[in-house]
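Naming follows writing order (A, B, C, D, E, F, G and H), and every chain is counted from residue 1.
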Amino acid sequence: MQDKLLKLLEDVAQGNLEPQKALENLKNLDFEPVGDFAKIDRHRTLRTGFPEVIFGIGKTPEQILQIMQVMNQHGSIVMATKIEASVFSLLQPTLRQLRYFPEAKICCLGESMPLRSGTITILTAGTADLPIAEEAAITAELCGFTVKRLWDVGVAGIHRLLSHREMLTQAEVLIVVAGMEGAIASVVAGLVSCPVIAVPTSIGYGASFNGLAPLLTMLNSCATGIGVMNIDNGFGAAMLAGKILNLAYRDKTITV
Amino acid sequence: MQDKLLKLLEDVAQGNLEPQKALENLKNLDFEPVGDFAKIDRHRTLRTGFPEVIFGIGKTPEQILQIMQVMNQHGSIVMATKIEASVFSLLQPTLRQLRYFPEAKICCLGESMPLRSGTITILTAGTADLPIAEEAAITAELCGFTVKRLWDVGVAGIHRLLSHREMLTQAEVLIVVAGMEGAIASVVAGLVSCPVIAVPTSIGYGASFNGLAPLLTMLNSCATGIGVMNIDNGFGAAMLAGKILNLAYRDKTITV
Amino acid sequence: MQDKLLKLLEDVAQGNLEPQKALENLKNLDFEPVGDFAKIDRHRTLRTGFPEVIFGIGKTPEQILQIMQVMNQHGSIVMATKIEASVFSLLQPTLRQLRYFPEAKICCLGESMPLRSGTITILTAGTADLPIAEEAAITAELCGFTVKRLWDVGVAGIHRLLSHREMLTQAEVLIVVAGMEGAIASVVAGLVSCPVIAVPTSIGYGASFNGLAPLLTMLNSCATGIGVMNIDNGFGAAMLAGKILNLAYRDKTITV
Amino acid sequence: MQDKLLKLLEDVAQGNLEPQKALENLKNLDFEPVGDFAKIDRHRTLRTGFPEVIFGIGKTPEQILQIMQVMNQHGSIVMATKIEASVFSLLQPTLRQLRYFPEAKICCLGESMPLRSGTITILTAGTADLPIAEEAAITAELCGFTVKRLWDVGVAGIHRLLSHREMLTQAEVLIVVAGMEGAIASVVAGLVSCPVIAVPTSIGYGASFNGLAPLLTMLNSCATGIGVMNIDNGFGAAMLAGKILNLAYRDKTITV
Amino acid sequence: MQDKLLKLLEDVAQGNLEPQKALENLKNLDFEPVGDFAKIDRHRTLRTGFPEVIFGIGKTPEQILQIMQVMNQHGSIVMATKIEASVFSLLQPTLRQLRYFPEAKICCLGESMPLRSGTITILTAGTADLPIAEEAAITAELCGFTVKRLWDVGVAGIHRLLSHREMLTQAEVLIVVAGMEGAIASVVAGLVSCPVIAVPTSIGYGASFNGLAPLLTMLNSCATGIGVMNIDNGFGAAMLAGKILNLAYRDKTITV
Amino acid sequence: MQDKLLKLLEDVAQGNLEPQKALENLKNLDFEPVGDFAKIDRHRTLRTGFPEVIFGIGKTPEQILQIMQVMNQHGSIVMATKIEASVFSLLQPTLRQLRYFPEAKICCLGESMPLRSGTITILTAGTADLPIAEEAAITAELCGFTVKRLWDVGVAGIHRLLSHREMLTQAEVLIVVAGMEGAIASVVAGLVSCPVIAVPTSIGYGASFNGLAPLLTMLNSCATGIGVMNIDNGFGAAMLAGKILNLAYRDKTITV
Amino acid sequence: MQDKLLKLLEDVAQGNLEPQKALENLKNLDFEPVGDFAKIDRHRTLRTGFPEVIFGIGKTPEQILQIMQVMNQHGSIVMATKIEASVFSLLQPTLRQLRYFPEAKICCLGESMPLRSGTITILTAGTADLPIAEEAAITAELCGFTVKRLWDVGVAGIHRLLSHREMLTQAEVLIVVAGMEGAIASVVAGLVSCPVIAVPTSIGYGASFNGLAPLLTMLNSCATGIGVMNIDNGFGAAMLAGKILNLAYRDKTITV
Amino acid sequence: MQDKLLKLLEDVAQGNLEPQKALENLKNLDFEPVGDFAKIDRHRTLRTGFPEVIFGIGKTPEQILQIMQVMNQHGSIVMATKIEASVFSLLQPTLRQLRYFPEAKICCLGESMPLRSGTITILTAGTADLPIAEEAAITAELCGFTVKRLWDVGVAGIHRLLSHREMLTQAEVLIVVAGMEGAIASVVAGLVSCPVIAVPTSIGYGASFNGLAPLLTMLNSCATGIGVMNIDNGFGAAMLAGKILNLAYRDKTITV
């Protein structure tokens, strides 16, 4: 960005660009409109090293379709989260090569990103937390990261978790996905020294209040250094884990 | 109660008691007024086998004093909970023999109840949970139960808890006291087969919302069979534990 | 556990087991994976003396089916809670011998556990609370306990409750199930000396806020020693009651 | 305002205006400013048959003083609620004849209203609820009603309440004041056929959430026909009870 | 009750009744079981002067049917609230004479109670509040009261309300039904001297939070003496209004 | 801003400014650090036409002092909100010319802005709402606007409000300040056609929940077009009213 | 109503009433009943200069139909908000000329109001916020205002917003529509000096709590002078913006 | 841990350690009791590479003193958070070398950890957020990390933030500390590709609800990959940032 700006100013200095035109350019570098309802962030991929992403909630299938098509013209991978199977079946006839991960509720257009350094270890407290954990896992894999899955190791039978202690202590970055009371996040964060990302899920009933209970548990954890995500936000957890690994491996594909 | 009623009806049948008088008696068996602001439940000790108890919040020192004095006339042990040290120092000049447990914030008039069968094991997640844990412990001890204390074994260092696994699995009834996120209740309940009583505390800050976080954690525990108390209600936990032990030991001192 | 560990160490001492192998054993005693989405806690039945249980919310019928089948290979009884009739009809063709309790929304594979000592008395405030009360009752019966049911005795007509006072005072352990404002828990706990377990239900409307009202009522009860469960958690109430009776009857089938 | 009032009275005096007509006029003039911060509702007493009332929260002692003085010029009784003792001691030197009811936190200037028909029966669940119950009782007595007090009859010992069943069933209108879980309102409303007004109090701790628990209890009561007031609003309960009695006795002093 | 008890005791005194038998009688006077899921309160009609009422939420159509049939054997009017049209169509084939009020969602078996003294005036803020207002109105009419309806007079156009000022000031008892922000309750209570009952409705969206907004408005009203009902509880409002009118007219049909 | 940028680019084009230097300039136009804890927004006054403002909550007196001194060097008026009298008395010895408005809790350094076109009419429901209303009024007056005050016209006595109907309908922009249930906002907005800004206050108790009640009331108002501010945010209301008047009078002192 | 209107017009015709005076009279008559469930505010259009509006939530299609028909008899434009497509298809056969804006969920009968002075600029944070933004836009356009739309400029890619800085700073009045966390309102309000109206939407999931998150964000904005609307209240935002523009352009069609 | 266990088992195999003794060792490796109220986690420093930390809330000064003294015997650095100045002045006479950071409310005994690789960049939205930001900064510095501070760059004047864009894009890991509405987290996370940790603070008033507003904002951020901490948890943010940097620099001092 810095470089582009300096380049632009130098062009102005050398008379290659008129001031008035330069002013316009300053405003038009970064995004591209889709119909009249969306603005694609052209440089996000470049900026973040991650795929283009469409957040599916609240968008019509038609809007998702159009955004995907425009994004895909530039060849980069496009993924959409929180996509119900019924929506996928509306998109698929037009976008023949669209892949769908039903448990993760993720659609994907284009090749996964090439394998990059770094492994993300993902745990769930219960079987019912799988959809959110898979949202994290598929997102990570589409980004090129390696994923280790460890499902159904909740604290009601702590030996299930402790028997994987070695795997936990060797992890680079951990994502803990849990509904109900979400206590596993504290136990795991107490066992390891790597960064821990906690994702509360809406699994539960009654005083779970749609995920409020595990959210509060994770925010108040007596184990230090847990980064908490929104309820059911597996995607965001993968993105944070990916950014941590990018830092760790000084990923050269990412420039701003 | 049943017996008294039958006795009363037989007295009527035998002409020892006039119907009109019997009607009055039916209404006046059970309690005794203190001034015009309180009604002591005469038969509660008999009925429950536990001390007379005054809940201190919202009562003036004068009211507490008067209720204690009337209760004490009948010789049974009287305890008061949630009593600040400043209130105790107002009561003490008049009630010379009044004992005070400052950490538990409990006042006591009269001898502790005689030792009875049964042991209550009490855990805290952190040092800051001690006041509520001591409220439970002192209550239990005044009732005649044996108490085992295990402080500061929160899940951030799970080995602290696991190293006492034998003590836990041998427990008859467990009280788990925890603030912050309260995750320890789930872990403990997963390790043992005895009844577990969980007391959330208001220890914490921010999104603890004065104990809402551990309360929700305990209510939503993935480990089954935890009985949850109100936030900071150590007294109630001891009472429930005591009732469970009374059942287990078929305590003969209790009749209704 | 203690014994197994000592045995293992003695085997090592006697050269019957290599250290490296012992290390592996330390980690593999306790559970068994189902597909890649669940881990069955092999020893839970042994440890707790209760059936294997599957919590139905958030699991797909396929997952429930597979977990049941693996659990059932070991011959022990398997139950699943919160199972809608529509889910049962998907499971039934494959699991021919599967029993279903429609009001309790419980599925069960295998024989009920043999009758054991102890009776659980269950009350409801209203007719609409029956499904949750039946969840508790069926769970208790599948575990081998005797159940006494007392439906529709809410406090709006207190004589309905008081006329059963004898039954209440003779109870060993009581489960009180109530929605609306849940006041019955306080009244019952004031009448008896046995342990009381309170289950708020989501029955009600408006400011019931899906069960928040009776939950708060029960947590704040002026009657002491009530253990409160999550909203609509009849299963958990039965488990706590069962553990209390196991303690009372020193059930020998349970070792850890 | 003053001028209008004088003019109107002079017209009456000179026979230009019939008293009956003047009475009508009196109701169509409205209020009087105090300093620049308050507007006294001249005719509220006339309109409602109750005293002028100042709600004390958020007003400075100086403002309360000035409003009282202006109100008092017209000779009617003036009361102020939620007045701390420290505020009273600031008012008292200027308003020598000011009465103070410390438990009710009510100040009063002028004679109580003459005795009128109707009795209000007020119950509390506990001793700690007295300040709010007294706020109701003193308000009712200053308005001229007869008050029957029944303190400390909470449901944890239901016989305390049932022994007064006759008194309850004979009541004209009942005010039930309760903190903690507030269950008494449901029990009482189930026992009687008269109108019941319920006042939740902020007495309690933890999950009482400053009175939210009894408020929800009372709103969700399974007993029908309870009118609920704001938390700690004893004054409002007395006003509603008074209006009900005014209707019942067709109080002739009240016309609009 | 008093009388029955004295009679019973006199029978015992005269040897007409054995004590043991008397004990049984003491417990069996008041209700009648329906199947094993409900207990009809035999004396409620007698005690309160109102119809038998079935609260429809959470009950199956079969349960409603059975309770109605048992209740109806005694000839008194039976009503059921919160009954969807689809439930009515299931009941109707068996209960041919069942009446249904679709807007009020009330079913009724048997004749309305005979006309009694007293008029209830019911207001709504908006057209969308009609279902709850009709629940109140039909309940009142089935009980024999006269109802005046005043729909759609919300405060956004205050002249609509003020133009009915005379009607308001002549009311005996007022029920104000409002969703959105519920401000009309305060305005109306400020205009009249009769008792006002406020019913918040769940009409609204967003920060109405399903009726929390008007509920809080009505509880905090700056106008004194408003009795507040649960959200959408039109039935309860009619019951409270009816009790107030019964007191006012000293209804002789009611004894306890 | 636009102009400055073009000027800068032209300077670069004409060789008057080196590209590297231009890059620096692009970043350093707008603010000035105070110590190491604050950054004054140099151009805010220019940009908005309003005084520099310091939000007092959470800042130490020393920080407030330093920020004021730096801001004042440029001669413009500086105001600080939410300043307790005790804080003012710490600031005053150093800032001799500092003015303090105790009811509004506003400090001010420098002359009020010159009188500008436009009048803001401010209402309160009660006397206790004055501090927040004065915060709005003083802010508006320091900005140069004319303020009309109308205190204590809450809806419990609607005639107090209606008697000022002419004043209301002539208003250019209205600020309605109310605690308790905040119903006045709806009534006022229904009476006028000018923009209405509503400020809920924390005045009240119990279910007011520190201002949540009037906040929800105002957000859900059935009268259209009310802009709602944060609880107790009188300052913000004045700023919005000021911006509306600036637009109406096309204030030429404001450029961006 | 009809009669009064005819009489008034006849008086004007016969010279008994001057037109100017008649105009006054027209404003002091008030409303017209529709069936027995609604009261149309005859003069709201006159009073506010905006269309007649029906709030669709909670009304039956039949009620909407009837209200529209009565309103339309007087020739003015009638709009209805929050109308699902399925409701429109029920209305359309009877009201042939009814227009429907499916994204905005607005129905409209009659011509849009004539173009008037003033432009409203509307922003959304995301594509999913369009329905609420369109509710605001269509409302504004039906009222005769010019609308500028700027969709999908959320702060995650701040350059999308900053590139339109010129458009923002030239705006007369801004409506910012955002779900998720709603941060864009603060950024926009910090960039401009015109009035900003913020509309939180229910777009989001988990801890968005149906729009509570952006609502709180907007209420607590560190940028001053934002008027906040209810969650999803695009209509209200347009009405407030319209009133602001009416003031700015001294719209002569509006008098009260 | 793994190694120790293998070593222990090998000792057993070689007869150097008796099985019974080995069993004891298995339980006593890891922590050390302080008085009877705390258990120090001996190996936490080793395990995590961070200082021993005492969470100050809810602990008495005496408890803090004793824990510090025991911890300090082993020579490692000990820090305590949330320590008021008044508590420090009680500790200081005994612990002469105790350092205190008043703004951060952190006490420290012993030397800071040696400088290690990695820089943490910390931003605040406002000056009032400094105490929490300093809690993060001092924690990070005591751990040996380099800290860059950027205070008072909230989004109300977005140019303050954008002018530091280069500093932001070069950051390795960012901590964003903000109260009020917390919008800055979204803007910053949209500008950078490094991991972002967000700390909501309790700075604000009214509908901030003690930090709930910025907490929800940060959890719902439209910018991806933000790890959220508890309200006011600056310490936890520094710990997570430190763990991320440890991973990035493969810190060799950390083994488990």
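Here is the rule we go by: a contact is a pair of C-beta atoms (placed from the backbone, for glycine too) under 8 Å apart; a residue touches a chain by one contact, two chains touch by 3 or more.
What you see is a predicted model; the values in this text were computed from it and never measured.
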Common touching chains of subunit E and subunit D: B, C, F
Distance in touch steps, counted as few as possible, from subunit C out to subunit H: 1
Euclidean distance of C-alpha centroids - subunit E vs subunit H, Å: 58
Between subunit F and subunit G, centroid-to-centroid distance (C-alpha), Å: 26
Gap in Å, rounded to a whole number, between the CA centres of subunit D and subunit B: 38
Subunit G residues counted as touching two or more neighbouring chains: 126, 156-157, 204, 206-208, 212, 215, 219-220, 222, 224, 230-231
Touch relationships between chains, expressed as pairs: A-B, A-C, A-F, A-G, A-H, B-C, B-D, B-E, B-H, C-D, C-E, C-H, D-E, D-F, E-F, E-G, F-G, F-H, G-H
Touch list for subunit A against partner subunit F, complex: 2, 5-6, 9-10, 12-13, 15, 18-20, 22-23, 26
Subunit B-touching residues of subunit C, taken from the complex the two chains share: 1-2, 47-49, 53, 55, 165-166, 169, 172-173, 192-197, 215, 219-220, 222, 224-231, 235-236, 239-240, 242-244, 246-248, 254, 256
Complex contact set, residues of subunit C against subunit D: 125-126, 154-158, 162, 180-187, 189-191, 204, 206-209, 212-214, 216-224
Residues of subunit B that touch subunit D when the two form their complex: 27-31, 36-39, 41, 44, 55, 57-59, 63, 67, 82, 200, 202, 210-212, 215, 230-233
Touching residues on subunit G, where the partner in the complex is subunit A: 126-130, 149, 151-153, 156-157, 159-160, 163, 179, 203-208
